[in-house]
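The two complexes that follow have chain A in common; it is paired with chain B in the first and with chain C in the second.
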Partner chain A sequence: MLLTVLSFALLIQTPQGAPRTIAIDEAFASQAHLKVGDRVTLSARPDTPADSAEVVIVGAIARRGADPSEVARGDYVVRMHLDQLQRIAGYGDRVDRFAIATRPSADVGRTLEQINHVAFGFRAYRSKDIAVETSRTFQVVSRFHRAIGIITIVASSIFLLCIMVLKVEERRRDIAALRLMGISRLSVVRSIVIEAGLVAVLGSVLGIVIGWVVSLVVNWHYQALYRTPLYFSIITPSIVAFAVALSLVLGIGAGLVASARLARTPPLALFGR
Partner chain B sequence: MTAPSGASVGAVRDVPTARASIVSLSDVHRDYPIGAELVHALRGVSLEVERGDYVSIVGPSGCGKSTLLNLVGVIDQPTSGTVAIAGKRVDAMTDREATSFRLHNIGFVFQRFYLMPTLSALENVELPMAEAKVSARERNARAAKLLEYVGLGARQHHRPSELSGGEQQRVAIARALANRPALMLADEPTGERDAKTGAEIIALFRQLNADGTTMIVVTHDEDLANAARRKIHMRDGRIVQE
Partner chain C sequence: MRATLAQASLIRHRARTILAVLGVAVAAAMLLDMVMLATGMRESFRELLLVRGFDIRLAPKGTLPFDTDATIPHVSAITAVLRGNPDVRDISAVLGGSLHIEADGRDVSAAVLGIDPKVQGDYELVAGRDVASADAIVVNEYLLRELGAKLGDTLTVATGFDAQTRTYAGQKKLVLTGIARFIYGAAEQSSAAVRRETLEAMEGQKRRDRASLFMVKVRQGANPDSVRKWIEGHIPNVTAISIATAIAQVDQRLSYFRQLAFILGAVSLFVGFLLVTTLVTVSVNERAGEIAVMRAIGVSRLHVVEQVIIEGIAISLAGALFGLGLGLITARYLNSILSEFPGLPMAIDFFLFQPRAAWSALGLLVASGIGAGIYPAWRAASLPIAESLRREAIA
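Here is the complex of A and B:
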């Protein structure tokens, strides 16, 4: 069986002979209102005479694979027997591309070498390398996303620092009173930093929960829209770790900067007389 | 007397000193530079306060009362002259020494109370004890006792926002007493407060003094000033009359 993408004209037909089966993809099935067991006529062109068209039965409806390159495609995919395809297409016994699955234990590098050595006219690539080639667009898009992410993080860090300084500034008099009571600078800074750290942890937990919910909604929506099992948004442990670490560093850093500023000021000056 | 710089700063209440004075100021000047000018807030103040005394300081606004109290409270340093508290020179302490000295020896009460808004009355009183590394159990017991002492036994777990102004001031007084200071300083403690609250504070201070705490109170309030055993008048940065 060969996977090929073609444009087909379609006609619902009456039974004749013993038709063979084809498999069509889910999106196609739902748009053409086809179900398993339906008879269809296949031909390479809309104006093909009825006697050279093939009558087939829809034998299976295939779900789409988790292939990013398929997601946005408007094409319909039909799988059929190779000889039938050749007959309809009027296209000889030729194959452009085929895939070889290897066992997990196989040495892919050596296999590639061997194929490339013996198979004249073919060139074997790792699927990974092909994926890289075919996903250049995705890479550009994801680099763009990363840039947006970095800008967002930088901007919000500055925002956070300002908020923190303002929030701590609001407590000038409280801090002054603490210092006058005999609470040391270290204790003042420590308590503010601990508070900032707790807020940061709480914030990142909240952020992760919100992110997780949003990502569920995004996946649910786009998986339905594109009829694909592909995940559009994922939250990995490394993303979670990064988010928590970043917010801790930012929160504690901002708390330190803000509280150290005030703790350095003599308590009487904090009261602003 | 020489400044014992670098010496450890501990509680002085039970340390007997050569003199009976707990506060000893000698020819103290305090100038504030305002631009190129100097404001002479104190112009040669000498003062001795005995242990267990109750002193009020009165005088027109701007005569240097708060400046004097801040020097005695080790939150400010004189331009010249010496300040000794409980026999210890405090006029040239480092910030760290001064902070620790205040924690263990001095209780402050201000016009405004500056309680921590997120902490309960009890926790506010426990705060200076926590800083002084008093165990949690003792902290709790002592803070409860202090709140009872100021008449807020039933309000221990209220936040400052749930207390009246007078009640908040009493929490602040309990907090000032947390580490059993030998010296209690109050700057306009009844200012902005109604007569009933004023009377409560006067009674509380009297009780405190009767129980052995040395009190120095700066006030405009005639009744509060007259409650003291000793009344000091200031004018223009000087003590003019006792």
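Here is the complex of A and C:
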């Protein structure tokens, strides 16, 4: 079983010889059937003799935060006291990294420069610079989603165009009758464009409702699958605005093109005479 | 005759037919891409695992190969146990670690594998010689560029580096004898390989007679899964992973992409189906009089049904053929995006073209074309002849 061991830089005085506590994540607790108060034996390597391993008590079961870097990783996380982890791992008085919180008024750039000026054997980085480096996976996924989105938009645009053209063409006889009654070409085109616009708006509203329901299902499914509070699908006002605008432009455009073509055709020809 | 009538009906409304074919083509392209994504990843990974013929991997108990720094002790004893199974053909013990190489005053780090060159399954030699002696090292082209070195150069290599004191541990001079392509290495990863005993000597006592991974080839005709179970029964401190279990684990980790492929593939198929159904239904409604006349002069219901279904299949087929080409282009583009995943082996393809995938997509589209024609065909066949003719005459 894969254990990723993180530690808190926290030292707590405990009575000599009494087992100390650890915090484990929900997934690990569920998989290993552990609960708060259980005693477990910890070692850094699978073949460590029992007398060299540490006995600890499960002090807390933690729910994972919304950290994208943990999604799709099967690792279990154990949090323990720094000195204890250093001892178990034979790491000595070392850490992998320090996290430093600056005061709100501090100039982070200057602080970084000062640390790096005196640093010997390590280097300080701004958190957001590290985030850019470590989020490459999500940038790739994001680019992939964008590409899939473009293909989907092209497909749905053609579909919408096709449906609108068909819908207008179905009205050949109505248009012919209107033209024979003396209704002007412009009025015919206008009425069809308004109708196309209304259909596009109704379709958009229905599409938003379906999208919202699908989004709920997607979040429910993947949050349960990956045991994370992260949202996988978010419908933002800008996405809704884009979808409605695209559907209106395509609907009205298709209605305009098809109705203009029909309005130009002699009414009797529309009747098939 | 039926095909000619269907063709005439499609040609009569060229713009509409072209739009429908385009719509089906995009849906077909998406469907092919999603079929490729759903099957390609697994197939590509399987090919990658089998490329050197090793059927089983042994990792420290509870871990995946090279997922942690944990190692398996007593390599010699484990090798002897494995040799006891007559179905085991070859055993390759691999020790993983990291190297620090001094290059023009810089410290260049790389992942290193300690292997036995006779049975290794981790790299293919591109140029030069393999690690025939204890002082030889092979590197990949990325590391070669990083070092600015060439074949025959002597490198000062260490397994430990203290950044505070800028001192190296386990230092040794090695001769660069070969350039290799590391099969499981990522594109931007510095990799090197030395003999396992060389790496053990450099790492010191704590990693003596240890391996990060064993790779096992089974004899032809032997069942790898039986051998895997035998290994787990005889060597308790390892997890034996066969190709099937490795693929299942990768499937689990990348289930998101398979589910996405399934959902988008289903949506594409449905959109294509809906488009063809709509078009053919409108076409049948427009030709109600014409169909009634055909029925009145003795044309059978079956004939009418066949003609309408042929129309649906023709649109689906034309769209599918165009879409398959389009799908291959988009798959290449999408694959180029996903291949930038950090740490992903270069040889992994998310979108792998297999004739079976193309046939599956084509088959699904033809089936959807047939399905799309059923409703309008039923409408066409069940038109009341007299009433339709009367309505046509009044119109």
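One rule holds for everything that comes next: the second predicted complex is superposed on the first by the 226 of 273 C-alpha atoms of A that agree within 3 Å, B and C clash if a C-alpha of one lies under 4 Å from a C-alpha of the other, contacts with A are read in each partner's own complex, and residues count from 1 in each chain.
Criterion: contacts are C-beta pairs under 8 Å (C-beta built on N, C-alpha and C of every residue); 3 or more make two chains touch, one makes a residue touch a chain.
On a predicted model such as this, the values are computed, not experimentally measured, just so you know.
When the two complexes are overlaid on their common chain A, residue A:Arg173 makes contact with chain B and with chain C alike. When both complexes are overlaid on chain A, the residue A:Arg45 reaches chain C alone and has no touch with chain B. In the superposition on chain A, A:Tyr91 makes contact with neither chain B nor chain C.
Partner contacting the larger number of chain A residues, of chain B and chain C: C. In the superposition on chain A, contact is made by A:Leu225 with chain C only, not with chain B. In the superposed model, A:Pro267 makes contact with chain B only, not with chain C. When the two complexes are laid over each other on chain A, chain A has residues 173 in contact with both chain B and chain C. Across the complex, chain A meets chain C through its residues 1-2, 45-47, 72, 74, 120-122, 136-137, 140, 143-144, 147-148, 151-152, 154-156, 158-159, 161-163, 165-166, 169-170, 173, 222, 225, 271.
For chain A in complex with chain B, the touching residues are 173-174, 176-185, 187, 266-268.
Listing the residues of chain B that touch chain A in their complex gives 70, 73, 75-76, 95-96, 99-104, 106, 108, 110, 112, 114, 116-117, 127-128, 131-132, 175-176, 179. Across the interface of their complex, chain A is touched by residues 13, 15-16, 19-20, 22-23, 26-27, 29-30, 33, 60-64, 67-68, 70-71, 73, 162-166, 237, 252-256, 260, 264, 268, 271, 274-275, 278-279, 282, 285-286, 330, 333-334, 337-338, 340-342, 395 of chain C.
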